[in-house]
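First comes the structure, then the notes that go with it.
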Amino acid sequence: MKTKPYYTHRLRVRYAETDQMKIVYHANYLSWFEVGRTEYIRESGYSYRDIEEKGFMLPLTNASLIFHSPALYDDEIEVRTSIENLSPVRLDFYYEIYRVAEQKLLVSGKTEHVFTNMELKPIRLSKMFPELYSCLQKEYESR
Amino acid sequence: MKTKPYYTHRLRVRYAETDQMKIVYHANYLSWFEVGRTEYIRESGYSYRDIEEKGFMLPLTNASLIFHSPALYDDEIEVRTSIENLSPVRLDFYYEIYRVAEQKLLVSGKTEHVFTNMELKPIRLSKMFPELYSCLQKEYESR
Amino acid sequence: MKTKPYYTHRLRVRYAETDQMKIVYHANYLSWFEVGRTEYIRESGYSYRDIEEKGFMLPLTNASLIFHSPALYDDEIEVRTSIENLSPVRLDFYYEIYRVAEQKLLVSGKTEHVFTNMELKPIRLSKMFPELYSCLQKEYESR
Amino acid sequence: MKTKPYYTHRLRVRYAETDQMKIVYHANYLSWFEVGRTEYIRESGYSYRDIEEKGFMLPLTNASLIFHSPALYDDEIEVRTSIENLSPVRLDFYYEIYRVAEQKLLVSGKTEHVFTNMELKPIRLSKMFPELYSCLQKEYESR
């Protein structure tokens, strides 16, 4: 993991997530990234559910993935998530996905987000929800 | 098809919809049922999108599926949808899914729905949205 | 839970599993049923992954769901799974899905399966894989 | 579209593809890219199903997406697909996703693939399946 601190979340590959190549269908890694950043944000003091209930969202503007090696059905998986960039208007996450058994890196990637209101209009998080911004900044700066 | 009229919609199996048994993952048939009833409702004169924009929804209360034979990747599929029951407060659909090539029945099933407002509270469609209710009734009674 | 013993598995609702009704999209409950029976089988002594590696599968022949109340994003969920019927050629599971916070029943349902080889031809599990059949029978009879 | 020729495929947004932001869940665009390249390859003379039946696969090594504007439930969508790079050992696709109604660009992206056998070992397509390689090269060079 290039950036620190990172948050680790474990999950197990579901049958529903495989395809007929007998590996995990690639789009599912984006869902696992989502689980990773949800748990990361929860650790920082707020749940993403709370954030939406307060009227804010974090839609994606960019995503990229590198597929090193495939995850397989029933594998125990570790998603490592860190903040790569933070500003008052945007937030980038970096992820690494490992098979727990051999600590083998399977997928790495990045998602870029903007802070918006419920109508998807960009907002300054530092102004609109300073408590959350402080929490995220603390995580980011502790790297 | 036991009930008439039915509406036919065609789709092609996506790689994302397969699993490592090299067949379509069974939960996807519920999504195809959804596509079937969406197109059925559109035929009757309203899009389901319009219905939600007017403040009404059709959440499911029950679903059942019989898996006769599996759909395979890249198969051309036909979803046949009909209304099985209609009342001012609820609506049941019946579905049959065929592989087009041999007109082979793959899956049949049923979904049961209630009419609700956007807070998921049951409503009487015949009173709240009589135009839509008439359209559905016309389809139902033409059987 | 009508039948005993049941196995309990917990999971958290992912954003990917919601739809624009702001509830869990109904097809996902079938995936959670799958997670439930996977963990049930693992408890009985074999992983479903092992079973497929030995050349056997458990495809579905029927599924049914009753939707009592919707699961919501980020809910902690409990899937309770039990065997409802077992014979040398087939296996039925019964499931109940609860929101952990209020122990509220959200969804109940059933899936029916046949034992097959990798070409989806029915087999007698009691003959082809008697060790697994004994494990399942022990669970089933302890009810 | 930067590269020519491109192949156009239309689809309609399913309810299953939305999330509680009331937009299409971002991972689904990767599935639409998959549909786009499947139809592109079909146009070039082979179905991807045929390719797998001959013993070859095209797993992803990289993917990237730019989210310009969200797709909404029931939108009619156009996926434009072109080959960005082709060599005997790899193949890159570029995609643009439009809402048909206003010809508005919603998402663009790229997927990079290697040619492999069924054990996911890299192969030279030009040697192992020269007919397919010629077809792809003809498309690529006609730009």
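The chains carry the letters A, B, C and D, assigned in the order they are written, with residues numbered from 1 in each.
Just so it is clear, a contact is a pair of C-beta atoms (placed from the backbone, for glycine too) under 8 Å apart; a residue touches a chain by one contact, two chains touch by 3 or more.
Values in this document were obtained by computation on a predicted structure and should not be read as measured data.
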Practice problem: Between A-D and B-D, flag the pair that has more C-beta pairs in contact. | Solution: A-D
Self-check item: Identity of the chain that, by mean CA position, is farthest from chain C
Solution: D
Exercise. Determine the centre-to-centre distance between chain B and chain D, using the mean Cα coordinates as centres, and give it in whole Å.
Key: 29
Quiz item: In angstrom, rounded to a whole number, how far apart do the mean CA points of chain A and chain B lie?
Solution: 34
Practice problem: State, to the nearest whole Å, the distance from the C-alpha centre of chain A to the C-alpha centre of chain D. | Solution: 25
Quiz item: So which bits of chain A are touching at least two other chains?
Solution: 15-16, 20, 23, 27, 31, 34, 52, 73
Quiz item: Considering only which chains touch which, how would you classify the arrangement: line, ring, star, complete or other?
Solution: complete
Quiz item: Hey, which residues of chain D end up touching chain C in the complex?
Solution: 15-16, 18-23, 25, 27, 73
Self-check item: Of all residues in chain A, those that touch chain C in their complex
Solution: 14-16, 31, 34-35, 38, 47-49, 52, 73-74
Exercise. Could you please specify the touching residues of chain D with respect to chain A in the complex?
Key: 20-21, 23, 26-28, 30-31, 34, 52, 57, 59-67, 70, 120
